[in-house]
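So that you can tell them apart, the chains are marked A, B, C, D, E, F, G and H in the order they are listed, and the count of residues begins at 1 in each.
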C-alpha cells in the first residue's frame, strides 16, 4: 500500500505517515466511534504491525473490539485500549522521565490516561498521587521526586492550584492538566482550567479538561526535543 | 427625629437603626452616587454624630464631598472616605485581630479596603502582602503571623490559590477575597472567584470579586460572635 | 505508623495530622471514588479509631462499603456516611449552636449535609426549613430562633434571596449556601450563587453550590475561634 | 402624507400608525443614533403634532437636538427627551397608578426612566426609592403604598431580591426591573436578572437590564387592559 | 389549627394564608420532592378542602401520590397534578381570557402548563398552537383571535421571535414564555430567553425558561387588576 | 382541502404552501415530538402524496412510526426518516453538486444529515470524510474534488478549523457546520462554532451546532439561485 | 517581484495571489493596525495598481493614511477606506443583486459595511433599512423588493428576529448579520447571534456580530457560483 | 542582606532566590503597579546588579520609571521594560532556538512580548509573522524554518487555528498563544483560546490569552530541560 492515507470503509483516513512528520504515530480517539469502526481501525493497525493506542474507550466498546480482535488489552481506570501484538518496529525509547501528579483520588482516571500514554510512547513515568494543596506537606514530602523528573504533568480538578504551586518549586516544564472533578460554580473542570490558564507561576502551559492524552504527547514532544534529531 | 429611616432628598433612606439590629452601623456604597448625594449623606451622619464610612469613592467624588464638608478623610489606595468628626458614641472595640493577606502588589487596593474597614469597626489588623503561592516560601515565612490571627482574609487575583493553601495551614476562619487582577480567560477575577468557591480546602467562604468591604464585615461578624452577647 | 500521610493502595494519602494543623480531622469526599477505595479509606480510619465522615456518598456506594465494613451508618437524605465505631479520642465539643435555614423543601438534602456535618464536629444545630422569602412571615415567625444562634447557614436555590434578607436581621455571621434547585436561566444554582455573592446585605460569605459540608466546616471554624485556643 | 411609514433621510421609517395597532405611539430609542438623526425624527413628530419621547439620550445628544429644535425638554437623571410642543391629540389618560420601587440610590436613573415613561403615557406614578431588602423595615414601612397601586415595577441591582419579596406581599402584577448596578460575579445586572427570572415568588415577570422604558410600557399595557375596550 | 404556616413532617410550611395576601392560593412545585412529601402535602390541602395544584410532577411521582390519595387527577403532557376533591370555597372566577400561543409542537408541554394553570385559577383560555414565525401566515391567520384576548402568553423555543412579532400587532399585555426547545448555541432555551429580553417590541415581559406556571400566574395577576378591588 | 395550514389534532399546522413561498417543501423536526404526532404528520404528507423528510428522529421514534405507516425509510447514522411513497410531483432537480466534508469520524452523523437532506432536495453530493487539519495532506489530497463542487459544507467539531482552511483554498460558498464533538472547555461544539464565526477566512457563513439539515437547505438555496427563476 | 507573498516591513505578507485562488482579491482588516502599517499596505496595492479595500478603519486611521497617500476615499458611516486609483484590471462585474436589510437605524453602520463591500466587489445592492419586525408592515411593504434580489443580507441587533421572518418569505439565500446593538442580557449582539443560529426558519446562515464585510463576501461567493466562471 | 525575600516599601517581596529554585530569575508584571512601585522594584534589581524585565508596561509607566532610573530600555510594541545595566552575572545562554509565529499583523504585540522574553532569558528567536491559515501557502512557504526550531510558539487571534495546523506538521513542542484579536462571538481571544484547547492536533499546550511572557518562559523551561544541567 503506497498511500499513507488509506480509506477504511469510507469513515476514516488513517494517517500512517504521521510518525514521519511529527514523530508520533497515529492514535485513536475512541469517543463517538462505533465498536465496528474501532475494530476495523485496530485491524488496520495490526495488519501493518504498528503500535495502536485508543483513548476514551468505554468498557462496552472495548469488549466489542475484543470480540473481533483478540490481542488487545484494555485498562479500565484509564479507559485506554492498546494493541497487544508485536509491532514491526521497535518503539523508539524516549530518554527521560515524566512525573505525573494528581491532586486527589478522583483525578486518577485522567492522570492514568496521561501515564499510560507516556508509557506507550516509550518514556518513563513517576506517579505521585493525592498530593493536593489542601495538605501542603503531602506535596512537599515528594517534591524531591518531582524535581528529578524531566517534565511534570500536574492533574487537578476543583480549584486547580496544584500546577501553580509546583511550578514555583521546580525548573522543569510543567504541563497543567485540569480534570472535570468538581461541582457547582466552575463545575466540570472549568474552575481548574481557568485557574491554570491564569496561573501566577511562570511558564505553566495547559491542555484541555481531562485531556490526559494531550498532556502526555506534549511531554513526549518535550523529551524528544532534548536530543539531536537524527 | 423618631423614625430610624429618614428620607434624604428623596433618594436615600439611611438606616440609622441598623447597628441595633445587626451590630454594624450603616455605611455607604459610593459607586453610582453623585457627589451631591454623597455629601448630603455624610452631612446626615455628621448631624447625628455617627461614624461614617464610604467605600468605592473615586478621587473626584472625594474632592467634591470635601469641598462641602471639610472634616472628611480620604484614603486613595483603598478608595475609602471616613467622617473625621468626633462621634457621639464610642466605637465598640472588637476583641481580636484580622490577618489581611494579599497575593500580589496589584491586589493591594482591595486588601486595603478590607483592612481599613476592619479598622473602622474597631478590630486589629495584621497586613501580610505579596505572599502569593508562586513563591511559597514567602507565605511560609509569615505563616506564624497568620496563625496568631483570629480571622484570616486572603486576597488574590489570577488563579486565586492563596486562600486554599492558607486554609490547609491554619484553624481560624478563612475568608477568600477574589480580586479583579488578571486577564484573558477568567479575567476580571472570575478565575479567582471560581477557584475559591471550588477550593479543595475545607471551610473556605468567599465574597464577591473586589469586595474588601464585605470580607471585612464578615470578619467583624465573626469577632463579634466570640464573646457572650450583652 | 509514624508518618502522618500513609499511602493506601497508591490512590490516597490520608491526612491524619490535619486535625493538629487545622483543628478538623480528615474527612472524605465520596464523589468519584470507587466503593473499594471508600471501603479501604474507612478501614484505615477504623484501624486508627478515628472519627470518619464521608459526604456525597450514593446509596450504591454506601451499600458496597457496608458490605465490607459493618459498623458504618448511612443517612440517605444528606448522603453522608459515618463510621459507627467508638473513637479513641473524645470529639471536642464545640461551644455554640448553628442555625441551618432552608428556603424550600427541595433544599433539604443540602441543608441536611450541612447539619449532619456540624453535628459530626460536635456543635449544636437548629433546623429551620421552608422559610423562603416568597412568604416572608414564615421567616419572621422564626427569626427569634435564628437570632439565638451563634452562626447562621442559609440554604436557598432559585433566586437565593434568603441569606440577604436574614443578614439584614441578625448580627451573627451568615454563611450563604446556594443549592442547585432551579431551572432555566441561572439553573443549577448559578442564579442563587451569583445573587448571594452580589448580596446588598453586609458581610455575607458564600460557599459553592450544594456545598453543605463546606458551609458546616466554615461554621465550625467560627465557633472554634470563639474561645481561647489551648 | 398617506403612508404610515414615511422615510426620513433613508435611515428611519417612523411608525406613526403604531398607536392604532398597539395603543402606544411610536417612541424613539436614542442610543446609537446621531444627533442629526434624532433631530430629524423629532422634527417629524413635531410636524405631525404628535407626542414624542426618546430614551437613552445622552446630555450631548440632547444638547445637539435642542440646538436644532428649541421646544424639547431633557431630564438628565432619566436621560429622557420629550417634545415640549402641544400635541394635536389629547393623551388618553390611563386609569390607574404604577408604584415604582427602587432598591438603592444607584438604581434611580433606571427607575426614573420607568417613571417618566409611565407619566408620558398618561398614568399615575408613586415613587418609593431606597427600599432594598437589606433593611427590610424600609420596605415594610411603605408596603401599604405599594398595595394601593395597580401595577408594581420593582427595580434592583445587586442580588435583585426586591421584586421577589414584594410579590409575596401584594396581589397586583409585579414587573421586575433589573439594573446594571453591581460588580464582580454577576456584574452589570446579570445576577439581578437571573435572580428575578428564578424568583420563587409566583407570577413575577422580568424585562431586560436597565430597561425602565420597557417595564413602563408593560405596566401601561396592563392598565389599558383594565377597562372595556372601545 | 391557628397558625397559617403548619409544619408537615419538618419539611414544609404550607402557606394557606397566601391567598389572603396575594390573591392566589398556595401551589406546589413538584420537582425535587419525594412522593411521600407530595402525598402529605396533598393530604393537607384535602384536609382543609382547598384547591390543590402541583406542577413539574413526573408520571412516577403522580402514580405514587395517586396510590396514597385516590382523588387526584394527573395531566401527562403538562405534568400537572390537581386535587380532584370538592373545595370548601368557590374558586373566584377571573374575568377575562388568556390567549396561549405556542410556536411549535415541541413547545406544547410548556404551553399546556400555562394553560392548565390559568384554568385552575378560574380564567378562560384560548389555545393557538404551532404559529411560529417561520410561516408567518399561520400567525396572521389567527391574529384576530389573539387580539380578542385580554392577556397573551407566547411560548417559543429556538430563536424565540414569536412574542416580539405578536407584541407589535396587539395592544394587550404580552408575556413571553421561552421554552427549552433548541440545541447547540443557545440550547436549553437560552437563545429564546435572551431574544425575548432583548425584544425590540415594546412592553414585552419575560418569565424563566419553561416556566408556564409563572406566566399563567402573571396573566392572572393582570386579570385580577382589571376590576375594582373589594 | 383549501387552506394551506391544516390543523392536525391541535398540535401542528403543516405548511403545505411553503414550497410555493420559499422553494422548499415543509419538513419535520423530529426532536420533541411523540411517535403519535410524527406518525400523524407523515400520514398527512402521504395523504397529499408530498415528499416527507424528518430529521432528529431516534430509532425508537422511527420504529413507532413504521409500525403505523409501513412505507417509511429510516437511516440510522443520520437519524433521518423519509416517506417512501411515490410523490405526486416530481422533485425539482437542483442543478449542481454539494461537497460535504467532515473533519473526523465522529462528525459523520451530522455530515450525513446534511448529505441526506441535500439528496432529498434533489442535488448531487460528494462526500469527503476524515479530512481534518491535523493531517493537512488528507485535505490537500482531495482539494481538487472540493474545488469542483458548487457549494461546500465543512463539518468539524473540536477546534473547528476545517472550514477556515478550506475557504482560503476555494472560491465557492463555504458553509461551516460545527458539530458537538469535543469535550472540556468549548465542549458540545461551542469551541468549533465560535472559531467558525471568528474565521479569518473571508465569507464563511455558519449554521448552528449539529444543524446538518440547515446547512443543507442553505446549500440548496444557493444552488437554486444559480438559474433564472421560472 | 515574483513571489505572490511579499514582506512589508516584517509585519505583513500580502496575498496578492488570493484572487486567483478564491476569486476575491486581498483586502485589509483595519482594526489593530497602526496608521503606518495601513499606509504601507495601501502603497503596496497602489504600486501594483490593484483595487484596495480596508474595513474597520477609524477616522483617525483614515486621516493618517490620507496624509501619506492622497488618493484614498473614506466612508465614515461604514468605516471603509478604498483606494481611489485606477486599477490595472477591470473589476469583474458580478451578475446579480444583493438586498441589504437593516432592522433599525442603529444597525446602519454594519449594514453599510456590507453594502459598500458588495459594491467594491462589483455586484448590485438594494438597501432596505429600518424594517424591523416590531412593525411588521414595514417589512411587508418592501417584501417584493426583497424577493427580487438574488441574495439577502439581513442585519439586526436586539432580538435578531429579522432574518428568521424574512427566510420564511423568500426563496433566495438569507445571510443573517447580527449587530452589536442591544444591552443587558444578550448585549453586544449575543442575543441576536444566538437567535439567528437558532432560527426556526430553514437554511439561514450566520456570520459573526458586526461582520458586514464577511456577509458581503459570502453573498458575492454565492453570486459567483451562479454561472460558469469566465 | 541575607533573606531572599526583602520587603520593598510594604508592597512587594521580591523573590531574588527564584532563579536558584526554578532556573528563571524574578520578573515583574507591570499591570496594576504604580510608577513609584515599578521604579522602586527596578532600583532593587539594579542595586543587586540583577537582570530586570517587566512586561505589560504602558508608555506612561515606562516614562515615569525612566525619569527616576535612567538606564532602562523600553520597547513600545511589546510593552516590555528592561534594565539596561550591566548585570553581575552572565546570563546563562540557553541552547536552542524558538520559532515565534504570528497569524496576523494585529497579533504582533503579543508575539513580540514572547520574542523579547525569550531573548531576555538567552535563547535564540526566529520571527515568522503574518502566516495565518486563510492563506495556507504563507505558512507552507516557511515551514522549513519552523521545523528547524527547537520549540514553536504560535500566536493567533480570531479562530486560532494556526497552532493546530502547525502541530500536524512538526515534531517539536508547540505552545499555542491565543491573542485578544477578534470581535463579536468569541471576542477578546476566547474563540482562539477555546479552539487551541480543543485542538485535534496532538500535544498542543496553551497559555492564557495575550500571555506572550508565559509562552516564552514555557519555551525556555523546555530548552533548559534539553541537556544536563550545569
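Quick notes on this one:
Heads up, the rule we're going with is that contacts are C-beta pairs under 8 Å (C-beta built on N, C-alpha and C of every residue); 3 or more make two chains touch, one makes a residue touch a chain.
As the structure is a computational prediction, the values presented were derived from the model and not from experiment.
The chains in contact with subunit A and with subunit H alike are B, F.
The copies subunit B and subunit C differ by a rotation of 180 degrees on their C-alpha atoms, rounded to the nearest 5. Put simply, the chain farthest from subunit D by mean CA position is A. Taking the CA centroid of subunit B as reference, the farthest chain centroid is that of F. Distance between subunit F and subunit G, defined via averaged C-alpha coordinates, is recorded as 27 Å.
If you average the Cα atoms of subunit B and of subunit H, the two centres end up 36 Å apart. Of all residues in subunit F, those that touch two or more other chains are 18, 104, 134-135, 167-169, 184-186, 190, 193, 197-199, 202, 208.
If you check each pair of chains against the touch rule, the ones that pass are A-B, A-C, A-F, A-H, B-C, B-D, B-H, C-D, C-E, D-E, D-G, E-F, E-G, F-G, F-H, G-H.
Taken in their complex, subunit D has these residues touching subunit B: 104-106, 108, 127, 129-131, 134-135, 137-138, 141, 181, 183-187. On the subunit A side of its complex with subunit F, the touching residues are 4-5, 10-13, 15, 17-18, 29, 31-33, 37, 178, 180, 188-190, 193, 208-211.
For subunit C in complex with subunit B, the touching residues are 18, 21-24, 27, 96, 150-151, 167-175, 193, 197-199, 202-208, 213-218, 220-222, 224-227, 229. By the touch criterion given at the top, residues 103-104, 132-136, 158-161, 164-165, 167-169, 182, 184-186, 190-202 of subunit G touch subunit E in their complex.
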